[in-house]
Amino acid sequence: MGAETGAAMSEAFNEMYDGGALRAPYRALETWRRTMPAELRALKQTEAEALFRRFGITFAVYGEGGDPDRLMPFDMFPRVFTATEWRRLERGIKQRARALNAFLADIYDRGEIVRAGRIPAGIVYCNEAYEIAVAGHRPPLGVYSHIVGIDIVRTGPEEFYVLEDNCRTPSGVSYMLENREIMMRMFPQLFQEMRIAPVDGYARLLKRTLASAAPSKCAGDPCIVVLTPGPYNSAYYEHSFLADLMGVELVEGQDLFVEGDFVWMRTTEGPQKVDVIYRRIDDAFLDPLCFRPDSALGVPGLMNVYRSGGVSICSAPGAGVADDKAVYVFVPEMIRFYLGEEPLLSNVPTWRCSEPDDLAYVLAHLDELVVKEVHGSGGYGMLIGPKADAATREAFAARLRESPANYIAQPTLALSSCPTFVDEGVAPRHVDLRPFCLVGETVELVPGGLTRVALTEGSLVVNSSQGGGVKDTWVIAE
Amino acid sequence: MLSRTAANLYWIARYLERAETTARLLDVGHRNTLLPSTGGGFRNEWAAILQAMGAAGRFAEKFGTETRQRDIETFLVFDLDNPSSVGACLSAARENARIVRTALTTQVWDAINGSWQEFRNLQRRERSQIALPDLTDWATRVTALVRGAIEATQLRDDGYHFLNLGYALERADNTARLLDVKYYVLLPSISYVGSGLDTYQWTTLLRALSAHRAYNWAYGGELTASRIAHFLILNRLFPRSLLSCAGLANESLEHLARGYGRSTPAQEAARHLLAELAEAKVEEVFDEGLHEFLTRFIAENAGLGQAVHDAYLTGEAR
Amino acid sequence: MRLTVRHVTHYRFAAPVRGAVQSHRLIPADCEGQTILDWRVEVEGALWGAAFRDGAGDQVRTMVLRGPVSEIEVAITGEVETTDTAGVLRGHREAVPPLAYRRTTRLTRPDKPIAELARAALEGREDAADLDRAHALAAAVARAIAYAPGETHASTTAAEALAQGAGVCQDHAQVLIAAASVAGLPARYVTGYLNATEDGTPHEASHAWAELHVEGLGWVGFDPANKCCTNEHYIRVGSGLDAEDAAPIRGVTRGGADEVLEVTVAVEAAQQ
């Protein structure tokens, strides 16, 4: 994941000052910024950090030395969308989430899109993320990816591009909720002036979405749990936060067991049947009897219960094939095929290096392109052509020729920037956006998302593991 | 409640209580070293303390056979490899608390997390600047702070009762061991019973349990083995007596049984333990032999712990 | 041919374990050339989970034993009517597209010698039909690996087995899968039974082989260990990407202890 594309800051669209003119949604913030004394700003920044620490909002980094509980750098300058902008984004995001789910339901069933020749069979079925173990199994509602995180970048007033889709277990929603909580505590007057659409309905919608995915065998209120790899996982805080907000148990694999037709949770009152598992662990670790036999994080026998309809797993095992970077290229085609609509959000033009013509083009234009690993994430294993020196490009070209199918390439986009507090005051920094779309009986999107910001001047990498921070994302209420 | 959550809460309490006991033992040892040498007798109180904790071997491996106070201090307070050290217990309590963060109130979490942060600060300070009594005071203060936060803010739900169960079982075990240490480990030989050394050690023990003034109020000040045994085993008013601990364990388990609408072998074991103590007379304890009585109690208390584990903490009981 | 099977797998634990969970892929499915007349899987004290047919058409079932467990005996008895289909799998209901079996695993990943073996086998056959190429690969694997029990173990990879030049049916099957992947043919690992009584030579009655997907024919069973395609002497039970994935029994115990495994299998032609 990551907005690893871009161009010089001067060419980038500034979301606050378009060609020097203050854009409407930022009007109140301009006054706020101008009239805030430097001391107050420093004070507020300290206060924000203290609040994050106090809430325990840290991401754990073990094995690198230093304090394992780190704070995500938080920038107080919010990023703002108008109601009109958001309406457009919302329609595009929901459309995409629906198409991705239709695709998953199709390829684990009849594979009509492949039969119709709209996507090459090899890209789907030879994909490591295509789970043979769930072929032919239809999950409740036919939904595979219940939480779709879609990474979006902006290059102009009207230009939005989808950088990638996250159909497995997208993380970061706890920052969306906590950033808002902290901004409301620190700057209540801004919220009174600006009428910002609330995001705190997310937990309720998430719970409703998960409940709607309950197996048909489940009578009454389904028992929902959040399955975490444990406190040493970097996103443990988020797992515990979401479980707490929904009022459901946060479990580890060892808390669950399989017996008869169902999955049970070990409680002080004896075994309790579990109906829906919101899992935050990868497919490979879910069940040592089906996937990796050495997994101690999963539940032995879970997949058998899942496949015989005794429990729902969200997102469904096998959902990952839809967010593969080679499959990404075909999402607009999915939208046309399944929904009969034109895509409302564009893909970034992408060259698939598995295709000889594309590979030749990419090798000839390495200095202009961003090259990414098909299965990579977190901003690792990629080349930002314009920023790399000749030797690095040459080394990367060798890897490309060695295994072209592992790579895709995209042009460097002029990623939009947003005002960000820096030592000297306020300066533009590149941003991207990850909204979280919920897919159950209905498709829901809270007005907001996680805005990630590259805190280093000129940097295009927004990943928290590589010097990125977060901002609160505001949508002005209609 | 998830069995693992119950187990985490139960162990938070046990570790905090254990941290406190280690600190109190350190205090007992320290006060004993202040006693003028009795000449010819068994003089190494530190060795006795280590023996009582079952940690003599681990200590010797790390620091050799000589028991210098500074090493003991390091071992019992700062050494994170020693599972009974104050630091190791606070760390384990905090780790358990972090896992069940959402089952604790902010105040309780702050108190537990704060105790660990303070410990980290102490670790960084020049050791010679910290007086040993300050260390033990600090340890008893932070553990009391957590206990207070629990009492003042935790919801009286099953989680609260598991915390109390942890406290009750660990405290009973510790009181029994401290008493046993005094009687059978510290005193050089049986001929010292009733001597000045004997009396001094009893006082030390009571001080270590923050109980010497309470004892004076209740028993008029005269120190005899049977009165002290009565106080520490059978007194209903003293919160660390075995009877009070068994009472708390029983009460917590009764709450759980009512809440869950289901009784388990743990309730039976707790009722049995309580009934036995409630009817016991101090003469009977001495007839059986104090050491024998305490050994049996420690085993029964551990049996209750096992019953709690089987009934609630594994999630396998049906 | 009517075949009877009696297959007992016996686990004994050094110390009782707190419980056991197993996923069984032990029940053959009806298809052309194979009609199940009777099939029973029995485990004393077992709590059975719902049975279902997975995407590859295999019947899967969960078996749970509550602790303490000191031994587990999985006893299979069955009777199957078979006919020779020249190895071709027909009438088998499955949802997995053959292309999904183009991928390799840790156990079936081809190394340079396997790639070389495949290239040599296919030399001059570049334009040949899939079936000819599959036969050539199976023959090459049979030549390259001598049947030698005890030389390899359950987690020996295809590359290691070829390097040793010796192995058992599992190794033959996995090397063939690896070689097929070099040739771009979908291939998978199949477990089942082999009637060993016919020619009197020793076989492993509990057997494994490979299926290669051949354009026009579909899945075809190749048994390099016996240099033939599967026929009426074979009972097909389950499949997967490799030996681990296709394992008839996958299980874990709680409170692990050393286990001793004993297996006895007998497959015989029934008295007519």
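Per-chain residue numbering starts at 1, and chain names A, B and C are given in the order in which the chains are listed.
By our rule, a contact is a pair of C-beta atoms (placed from the backbone, for glycine too) under 8 Å apart; a residue touches a chain by one contact, two chains touch by 3 or more.
Just so we're on the same page, UniProt names per chain: C = Transglutaminase family protein.
The model shown is predicted, which means the values in this text are computed figures rather than measured ones.
Student: Minus subunit C, work out the clusters of chains still connected through touching contacts.
Tutor: Taking subunit C away leaves a single connected set, one piece.
Student: With chain centres defined as mean CA positions, report which chain is farthest from subunit A.
Tutor: Greatest centre separation from subunit A goes to chain B.
Student: Just give me the whole-number Å value for how far the CA centre of subunit A lies from that of subunit B.
Tutor: It comes to 49 Å between the two C-alpha centres.
Student: Calculate how many whole Å lie between the centre of subunit B and the centre of subunit C, each centre taken as the average of the chain's C-alpha atoms.
Tutor: 59
Student: Quick one: report the Å distance separating subunit A from subunit C, using the average Cα coordinate of each chain.
Tutor: That gives a centre separation of 40 Å.
Student: Among all residues of subunit B, which ones touch two or more of the remaining chains?
Tutor: 316
Student: Would you mind listing the residues of subunit A that make contact with two or more other chains?
Tutor: Residues of subunit A never touch two or more of the other chains.
Student: Within the complex, which stretch of subunit C touches subunit A?
Tutor: Result: residues 19, 21-23, 47-52, 54-56, 60-62, 64, 94-97, 99-103, 241, 244, 250-252 of subunit C touch subunit A.
Student: For a test of understanding, state which residues of subunit B touch subunit A in their complex under the given definition.
Tutor: The contact residues of subunit B facing subunit A are 1-6, 95, 98-99, 101-102, 106, 109, 158, 162, 256, 260, 262, 312-318.
Student: Under the touch definition given earlier, write down the residues of subunit A that touch subunit C in their complex.
Tutor: So the residues of subunit A touching subunit C come out as 108-109, 111, 114, 121-122, 124-126, 128, 130, 132-137, 257-261, 288-290, 293, 300-301, 303-305, 307-310.
Student: In the complex formed with subunit B, which residues of subunit A make contact?
Tutor: Touch list, subunit A to subunit B: 54, 56, 231, 240, 243-244, 249-252, 254-255, 265-271.
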